[in-house]
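Same chain, two partners: subunit A is paired with subunit B first, then with subunit C.
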Partner chain A sequence: MTAPASTTTIDASAQLSASLVARFPDSVTADARPGFSGFIVKKENLVEVATALRDEFSFDLLSTVTGVDYIAENKMEVVYHAHRTTGGPGIVFKTQVDRVDPIEVPSLINVWAGADFQEREAWDLMGIKFTGHPDLRRILMWEGFEGHPLRKDYKEAFYEEDVKPYKSRWPEGNHTYAEFKNPYRDNVKLPEGFSLDNYQPQTEDQLYFSLERSSTKNDAGHEKEMGDHMVVNMGPHHPSTHGVLRVAVELNGETITSLKPVMGYLHRNHDKIGERNTYLQIMPYTDRLDYFNSMANNFGYAVTVEKLMKIPVAERAEYIRVIMAELSRVQNHLIFIGMLINDLGSMYTPSLYAFEERELILDIFEAVSGARMMCNYFRFGGVVRDIPDDAMQKIKDLVFDRLQAKTDEMERFLNENEVLVARLKDVHVLNAEEAIRHSVTGPCLRAAGVPYDLRRADPYSVYDRFDFDVAVRYNGDMYDNYLIRFDEIRQSLRILEQALKQIPGGPINSQKPQYQVRVPAGEAYGRVESPKGELAYYVVSNGKPNPYRYHVRAPSFVNLTAVETMCKGVKIADFVALLAMLDIVMGEVDR
Partner chain B sequence: MENKYEGLNLPSYNIPEDIQNVVSITTIDRLYNWGRRWSVWPLMFGLACCAIEMIAAQTARYDMARFGMEVMRPTPRQADMMLVSGTVTKKMLPSIIRLYNQMPEPKYVVAMGACASSGGPFKEGYNVVAGIDKFLPVDVYIPGCPPTPQALIAGMMKLQEKIDKQSIKRVRWYEKGKVDSNYVPMPILGPDLIDVRRSKEFEAAAAKKEGVA
Partner chain C sequence: MYGKGILKGLGVTLNRFMETYLDDISWWVRGKKRYNSPEGIAHRQSKNTRGIFTVQYPEEQLLQPEEFRFVPFLVHDGDDKKDIRCTSCGICAKVCPPQCIWIVRTNDPQTGKPVPQPAEFYIDMDICMNCGFCAEYCPFDAIKMDHDFAIASYERNVYNLEKLLKPASYYAEIRPLNYTKEEEARKAKEAAKAAKAEAAAAAPAA
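Coming up: the complex of A and B.
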């Protein structure tokens, strides 16, 4: 059950580059801007090139679609990152269009279905129209919202300056309330001359029309019998949607015939605030993405910026990072199991077992970083402070003596439980093909039989030094999805044991502590295996103290693309469990 | 001698010795507040990161049940207290207000964490409401990002103290002639979030802006 080792060589990428340009001499050119990599594809040939990349060059997994607004050059760029599920580095390709509305780019949804939500997000926030996308509605904001917020010329209501630190705050620090500077005295921005008298808010018809209504007309042109069909809205306030997700479901009796997730109820403008922040100021914001795993989020961001800065990481810090990330994975999967069983109807008891262990791990996080959940622990080049001796002892006790036994105990209590098995076994989640097509990563992909784990497929940090297996299971049903979490906990414990034995002494940061880091111009795409899947950051720097573009590829958000495929034809009671399988966190879905 | 936490009895009143174990003398307010303070049922309603600490506070280690607050109700019709646990976004706000309007009196609102209190680190965002108190009457603010379970329990105890001081005659939901004082009108999601209570103000500001331009 071991994934093939990656063959990362510079020759391979040069070879790929040559063969791709040779294949499409007219439409593909290498991106020659300093610090940038990848290819620039002509808009007209985008679908053709993408299809070739998928079929001929076997880049079967689309990782990211996002836009960059180069306002000075009057260009809008769409950036795609694709990877191979067999491992190895990915490919970056971009297409550039003039920044004149309507900005139109062909949709790649027919090549990679995983582009669906990401293209909708780019339309919502950047105003890039993807022609050929069947359901291009706003996704994070509501229909009727004015403007596309991630464009560089969009100024929010509490806009003060383009970049931080704001002159009013630093160095003198005599700022006033943001409300006092706004004509509406609130976080509100209305078009000029707006009046409520003749204003009609947009309805949600578009959403309900996007459901594949079974009431469509039959051949004779008559409305077909609707039968028991009805539309039910689950959420945003619903106990089993794991936060503020809303799902519009069309039901035939108890069977789901069509559904659409509606999100954005926790859209906290992570990207926009990130582009105003300095590089270091973003670090605490990443904590709040996937709020179960702030360590994993920090990890991804630190890896990305270090790539851009081209600095090494202190040896001891690498091990500390791995220890923290794996502890984080253990507690995440424990909570997953507890919450899944909660959703299945066994309220509280199993999740109390999970929370007991989680509290012990959070104690360690608190000891090293000062906060239970929002750790803000990583720095560029290392971590912020060393592990205290007593905390180190606690970690050792936990890893060597306790967690293994507790995992066994939970498995003993739960795995053979008749009700659990009856609910989970043979309920299909995703098969390998569906999962890859929808860009699903993480445990859901591995439970479908694809051993794709970035710790092995494209190793970062010091993961190549540890002896561990990539957990993989082959049925792709809910029971496998549930068991693979236990497998991953065991593998994490294996890594932890080795890391604790091997951890060297020495400094914990290769750099001097500094508030303002120097980041050369260029782009970087850093990805880590977060407990939810592939967590990636795309950062574009123009050499200034703030990132020019900062985008998060959140695994929960992209995994949610598959929910429609997963849930068609299942009973509504299973839908709750299927949603739990994706292990989504709304902080990460909506950002 | 008086200890308001100890019991219902008014200690100053002399009950004849032979019926001391049978009869208690108290005021309506005391009885009423005693009943409410130990059965504050929160709405099972999580918004963001703070909701995870709210769950942690319910678990065995912190055990909020000690204070009569463990009965989470998923329906607002059975809840006494809304714990706004996380960032309030403009898109979510109408749902929150609808939930609040559906809660029966007496009802309380606790703003948990920096975001619910003021917008917190996300205040500058275009989709963030800078504090739930712009729309709902907040009883207790709990600082922290997120507040630890201990801080949450301390905030809950502050709410209990507040309940103790209330009088059935003066609480706003039983006041005569103020039937609708608890109803918050639904905001509109237009080009931006519009607080209908301030719509005239907004229109004036929008017109003025046009004049300047």
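Coming up: the complex of A and C.
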């Protein structure tokens, strides 16, 4: 069944390639570098080509925007990945500009609104100016930060060497502590001639200006609106923001007229850390992205690098991966439900009920991988170790005997609760069109009526062997967003039951254990359906032991793009619940 | 009827409340300890647990599975800390993602050639992220992940060779299955080596 499917894919992509080049003979060329795929689009025609891709070729969902700094060729490349919400493989297109400041590329925000935050991130970290972007501010780095840290010539304050392993550790062993290298004993690098006395941060003014500009009070038909508008800063230490997210909100009475999230408080430049690491060393760092679902993060990274290495995955390991990913989804959605109720003001009881089941699932992760949250369980070609017998028994016990009943109990506990229903029902989150335009993926997109689930839309691993339904609901209100998590738990349990029955014996890794993997030059884009949405990794290899470019498309981060659209016109009290609906994790947003 | 959903939900909470005490009573009737006994804790970690299953840390502690990992230690055979398994090959230092291991090699004082034994071995436990790569990729089974997680202190936790070394018997105690597997593999390897040497010795005689 796999073989014919793949030939049709190749046919389809060849057809697409031919028709795209025929449509734009002057501005689109196929990317001919070995190991690379997709198209190179001339910068001047980028918006035109992107509009055509969206409207004529139906690539309606923009997945990733990111940059790659090819310093040796003196080129800066912007890479776009777009997909169809009807499923199937995506399209990659790139545009290359000379690496001379100012590096300017037209913004695609008017084609796909989902480009907003990702373009800001590329500006912040790579220094690519997106002309036409209305709000091109730094997004992750702090105010007053100088430079663009993902450029290849940027060196951080604790810079030691370009890539690990560092020579100082072995064999002479003349190690020094990182903090002694910097006069401030802190991970801060200040520009030449910096003085705090003359320093005037611009960021806050820019934020409030941007807030003011996007306010609905400026819209036509609102001129006569009376009353003072008040700006409220929620966070970064607000309990309902799930971590350190700050949100600047402009209010008319209690109604939100404008809203801007401010993030980066947990930023550690995961991409740069990844580029310093070897391929294997990145694996435990991916655990720390979405720390509720380290198994899903591992999964995405392993899938990507395996694509690049062109290696198969051991059959048994595929099933183990699916089992772990689905268990992870079950506990994530239970926690989502518990925390949502917490945010709505019913403190602790439902969330602790959810934590009970999560505890049992984490016990399994601990027995299997050695850690409850930072699992670091996947390796290229398989997994670290087989599931121990007692853990296997416990997985079966939970899946066949307990989780179903506990999900029922949770539904009985909450679904009909009048207070909950009154809070959630008919509060609009997103409709399908808005969700797709803002690149929202995951349960939020499916609750808006778009049955887009990567496990079906572009199956990876062995998901094509299981019989399950894509959970989808059609109202797009908060209550649907809430109920869809239960649907997804049930579907996950269905997959788990099948996987546990079908799991074959055999080795758990197709490769010999090796700490230095050989990765041929090229690029790969791997994506998995993480519980929060589409989690994707973009890795460029130049054949060396460390990735040349490593980028994470974090679902929480991209989903946040839609938060302003979601919240405009609703009451401030609902904002907290709406934010909870996106199910963000700051470890992943800030990376 | 308005309020029916709330009552239904309250029924679930009431049920939980009852189950907690019913479970306690049923353990008491059977003359077993639900609290402060390994059996009781294992029950609270199983699928059959009902009601509240809080574990009263630190009086009670969760049962650690064999694969539980927290900060590495070095294994030495025998009782004194002389017979170190580590050969200072440096794979652990290379594979370590936060680069928290650094090794100083020994040189023979007479010849100046390197000796397969580390002179110094440091692990910065404050940086260690407990990923377990060092133990996973060590070809000599010399570095293993520990079960002891209570290492908080007022100083920086940079462990030297003295502090890192733990006997093989301790390793066998915390990871019995892995230990047996590795010992078997090692014995098989030695037997194969001996057989090969025997064959080599026999060959010229014939």
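Everything below uses one rule, namely that the second predicted complex is superposed on the first by the 548 of 591 C-alpha atoms of A that agree within 3 Å, B and C clash if a C-alpha of one lies under 4 Å from a C-alpha of the other, contacts with A are read in each partner's own complex, and residues count from 1 in each chain.
By definition in this document, contacts are C-beta pairs under 8 Å (C-beta built on N, C-alpha and C of every residue); 3 or more make two chains touch, one makes a residue touch a chain.
It should be emphasised that the depicted structure is a prediction, and the values quoted were computed from it without experimental measurement.
Enquirer: Scan A:Y285 for contacts with subunit B and subunit C and give back first, second, both or neither.
Expert: both
Enquirer: Does subunit B (first) or subunit C (second) touch A:F158, or do both, or does neither?
Expert: In the superposition, A:F158 touches subunit B alone.
Enquirer: Given the touch rule stated above, what does A:V100 touch, subunit B (first), subunit C (second), both, or neither?
Expert: A:V100 contacts neither subunit B nor subunit C.
Enquirer: After the superposition on A, what does A:P236 contact: first (subunit B), second (subunit C), both or neither?
Expert: first
Enquirer: Looking at A:L414 after the superposition, I want to know if it touches subunit B, subunit C, both of them or none. Which is it: first, second, both, neither?
Expert: second
Enquirer: So, A:M374: does it touch subunit B (first), subunit C (second), both, or neither?
Expert: both
Enquirer: Using the superposition on chain A described above, determine whether A:S195 touches subunit B (first), subunit C (second), both, or neither.
Expert: First partner only, subunit B.
Enquirer: When the two structures are overlaid on chain A, which partner does A:H267 contact: first (subunit B), second (subunit C), both, or neither?
Expert: first
Enquirer: Scan A:A32 for contacts with subunit B and subunit C and give back first, second, both or neither.
Expert: After superposition on chain A, A:A32 lies in contact with neither partner.
Enquirer: Could you give the residue numbers on subunit A that contact subunit B in one complex and subunit C in the other?
Expert: Common interface on subunit A, subunit B vs subunit C: 284-285, 356, 359, 374.
Enquirer: Across the complex, what residues on subunit A touch subunit B?
Expert: Residues in contact with subunit B: 140-142, 144-146, 149, 154, 156-160, 178-179, 183-184, 186-196, 199, 201, 236-239, 243-244, 264-269, 272-273, 276, 284-285, 288, 291-292, 351-352, 355-356, 358-359, 372-374, 586-587.
Enquirer: Per the contact definition, I'd like the list of subunit A residues that touch subunit C in the complex.
Expert: 164-166, 168-173, 175, 277-278, 280-285, 349, 353, 356, 359-360, 363, 366-371, 374, 376, 384-385, 388, 391, 394, 397-398, 401-402, 409, 412-421, 513, 515-516
Enquirer: Can you name the residues of subunit C that touch subunit A in the complex?
Expert: Listed in rising order, the residues of subunit C that touch subunit A are 2-6, 8-9, 11-13, 16, 45-47, 49, 53, 62, 64-69, 88, 90-91, 93-97, 99, 101-105, 114, 120, 122, 129-133, 136-137, 145, 177.
Enquirer: Which residues of subunit B touch subunit A in the complex?
Expert: So the residues of subunit B touching subunit A come out as 44-49, 51-53, 55-56, 59-61, 74, 86-87, 89-92, 95, 99, 119, 121-130, 134, 145-146, 148, 188-196, 198-199, 201-203, 205-210, 213.
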